[in-house]
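Below are two complexes that have subunit A in common, paired first with subunit B and then with subunit C.
Up next is the complex of A and B:
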């Protein structure tokens, strides 16, 4: 079936510093995101979710999966912050999973990618960041969480960098609500038109007050 | 998350006693919540802001409807039929249709326009409406006023008609820029695609010309049942990516790329459709026969990748072809919830059978 999907990739930092409340908040945030999206028929028809985690290694723990088949993963925190490996894994997953337009087949909608991390990368992340930024495989939104994250690192991956200093459960809840609204808005554009100029990227809803846009 | 062990009610007013749930009753963590259904809500906002109705009486007088159909039998042996239908996404959100269609016919020519307002643009529904209005009116007026001697030379006639198409697009761009200024918006807030078909039927010559700005498709069916895609669709690497709209600067350049069809006797039907119709039939080059097959021969069974499509008699052999088209546009295909518009010009009565 020639279904056009909206691929959504979530890259979650599961390093040791996320232990405790932060990792629990991320888990419940992904569950809430799934539940919220199931309430939107357009998202149900088009959205496919994938979760990539990174600690000392990177792993795609949920491949690109139809919303109705998605099961929220169990996340555990520990180890270091292999952001470079996660970016490489993301790039490979998009190459493998996302369809582009061809004369024979309409491609998927441009992927939406959310990256959040609370610390400095511990691996050799720069080549993967540069490659991803040059490749522009989708609309990438990176969020620097807490005091130890370095927004400048994320700027090397994407121009869309947000800062979330507060890592309380409520802040994560607001963050995932915003992710949900962003996905819905993107899938609404899909339903409403064939018309989003690629050069301008996408317009997302304003982030919650806890999140600051890094200029 | 497991359900709490609770009282199980047995029979009418029976005793309650704790019981371990059966395995199938356990709600596993991560079980998908139930998917929501589609709603059909009227648009909540006004169709046109007051700032613009003052400047444009044609917008003030316009009565918006979610679904519109029309058809007209011409005395040239052709019929025009068209329909535009609000997509499920707009119906669910309670927003307006952003596609627009319009046609006009005079003693010398018939003009068809289909336009699709860009969903990311705030006033795109007005952009598509004004664009189709300006383009049809300009070309009709200019062709009516043209020097009849132009018909003596096929080259001069073609050049004249091409120039009028380009001028009409430029006029539409200027109109949208003015409208943006009038309501303190940016021209890109009025963005729309545009498909234009001109049928010139003078005393000595007959020809078709067409132009495309943005996505959607223009397709011709010949009387030997072969088809050909005309125009130049504009798309990027991913679905939904379009780089040029009216009133962007590039629209003026794209308006100069015009296809001309001179062998009109071989033509059975010409069709314009917005992406809401093209995408479910993509690639149209291969699936155009399925599409024309349904329009001419009716729907005998739903297409394999469609979710629902009622059985219908021939659309184009019906008296009210416009209405029949609007009904036909109601087919369902997963992930295809955009506005749908289809406008066509066909031999009447039809000369091919499917």
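Up next is the complex of A and C:
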């Protein structure tokens, strides 16, 4: 099969408000996501995972890594919500890590990017959001978690905004299951889309009932 | 957490069944549940189906008049190699709680399809007790394959057997006028350890008289003319997908994914052209612009003359001309003929097709054979005393058995018993064929070889393998290193 990679970036909010159950749920969610994907040969072939966390700063704690080499990171919650810094870091990581399609080389598939945050950004996030939306480096799905997240902020990053009011461990579990189903489906469906579907759009499985699409 | 561990359903056909409420998986189209005894699986289609009525009608035809697993002498054989739907469940047959419906994205009226659970040998089982289906992609994907235990991988002979099973199953579908429309390594289970295969996801078959399904197939397997939007899935587009499946299974690479760049705009656009409008076989004998460097191993020529001819037919002359592709029946025959050409590698770990004109080197182990190898051409009686070539031949190795499909011109390996009719032996520097048929073998101008007797095989030896009706004439030659 093709050597093209499907890069997947997960941007996780690790600010102080995530402390306790939520951060533990995210940790086990990423672990479950990895083990679920390892059970799917198409995902094993193409998927590369990266994790970017943000609190008072942003950090790429796992660079883009082949699925079978990926180790789930340890996450800690604390600090504020530097979403802007995370978006800037994402943009740089994509420039650096994702192989471009040129007349000389076969590049990677369009990255799949999942962002979730439970609060309002505390840094100057607008320029980074605008830049990302203008650049469209991949298919971005943003999730506003809990009561304090502001879907309108995420709308400035992407048109695909989901709302997950419930932050219980089970809701996170369902969320990561859906992320894994989305990656699996994309890893199977990437390729010759041709006339069947426009290259721009991706179709993901319907999100679980805990998550609603923000219109 | 769901309250009840089970729910009951009655199929349209009138069978009562009990299923677990905890789903096993949820895909793009369906969410699936085990029956209580894990003998069946039910899949409910997600959300609202625009073509619900059509799907139901299609399923009724698949389960009814177009069902190869129901009647006929070979029904039990096909049950093994298809995961064929056995029942439909609609809203009259099942009442599901609202919370359950919501959780699984189901809406009234529901539509579910019941299929048998896969056979045991199609699951990996590891020490932790986790269970995984043996989708073909595990064996053909370079990274996925590395994660498998060696004991699961099988040798080249087993892959040819896997391919023969896949080709025969597709041949059976096409014989009945059905097209699968979504053949891919995600929709076949293979067991190379035992040379076994099973086609799954048979609910979107193209049934004559019913509109084709909305599914166009899986990328990488969709025929160029479907990608360019000029044709819909059909038997001819299945023939393309089957060619890709077989090429991947035998060569562990994709026939159209080479280095040629078709668009630098995006991976998606490049791939659409590489699989569609500009599709070009990586081993095209005249146009080398999509050829990988270094050259892939094994090369197409290492597959033997029969398979080489069909791959060229499917991926060169038939790639953009659907009527020129090899049929499933042709593949099946070619695969059995290739199995007859197999010779063990010198170290005994692999098998490779060997016939006159090919190098006497195993392409997998790169080891060279150092002694002459006998090779038989088969002829059948055409008229009194007149024989004609039977389009069959056999590469001989030590301790090799021959079967009825070798001895008789009217027996096919697909339906013959596996009772040995003789064997070859290399003994004290000489080659022998030992007769185990019920009848005599006959050497023209020389005499009979009785049951249990051995005939020495030399350059030019001629023997009629059975004095009974339809016994073939074998003429031996030697391939010399």
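The rule is simple: the second predicted complex is superposed on the first by the 203 of 215 C-alpha atoms of A that agree within 3 Å, B and C clash if a C-alpha of one lies under 4 Å from a C-alpha of the other, contacts with A are read in each partner's own complex, and residues count from 1 in each chain.
Throughout what follows, contacts are C-beta pairs under 8 Å (C-beta built on N, C-alpha and C of every residue); 3 or more make two chains touch, one makes a residue touch a chain.
Remember, it's a predicted structure, so these values are computed and weren't measured experimentally.
Student: Touching A:181 in the superposition: subunit B (first), subunit C (second), both, neither?
Tutor: After superposing on A, A:181 lies in contact with subunit C but is clear of subunit B.
Student: On the A-aligned overlay, A:108 touches which partner chain: subunit B = first, subunit C = second, or both, or neither?
Tutor: It touches subunit B and subunit C both.
Student: Once the structures are superposed on A, label A:31 by its partner contacts, choosing first (subunit B), second (subunit C), both or neither.
Tutor: first
Student: State whether A:72 touches subunit B only (first), subunit C only (second), both chains, or neither.
Tutor: In the superposition, A:72 touches subunit B alone.
Student: Tell me which partner A:44 touches in the superposition: subunit B (first), subunit C (second), both or neither.
Tutor: In the superposition, A:44 touches subunit B and subunit C alike.
Student: What residues on subunit A does subunit C touch that subunit B touches too?
Tutor: Shared contact residues on subunit A (touching subunit B in one complex, subunit C in the other): 1-2, 4, 38-39, 41-42, 44-45, 67-68, 101, 103-110, 188-196, 199, 203.
Student: Provide the residue numbers of subunit A that touch subunit B in the complex, in ascending order.
Tutor: Interface residues on subunit A, with respect to subunit B: 1-5, 31, 34-35, 38-42, 44-46, 67-73, 100-101, 103-110, 188-199, 202-203.
Student: Please output the residues of subunit B touching subunit A within their complex, sorted ascending.
Tutor: So the residues of subunit B in touch with subunit A come to 29-38, 87-90, 92-93, 95, 98, 116-121, 124, 191, 193, 214-216, 235-243, 245, 274-276, 279, 282-283, 285-286, 305, 334-335, 337-339.
Student: Along subunit A, where are the residues that touch subunit C in the complex?
Tutor: 1-2, 4, 38-39, 41-42, 44-45, 66-68, 101-110, 177, 181, 184-185, 188-196, 199, 203, 205-206, 208-209
Student: Contact residues on subunit C for subunit A in the complex?
Tutor: Within the complex, subunit C touches subunit A at residues 26-28, 46-47, 102-103, 105, 130, 132, 135, 137-138, 140-144, 146-147, 185-186, 216, 218-220, 222, 226-229, 248, 253-254, 257, 259, 261, 263-272, 274-277.
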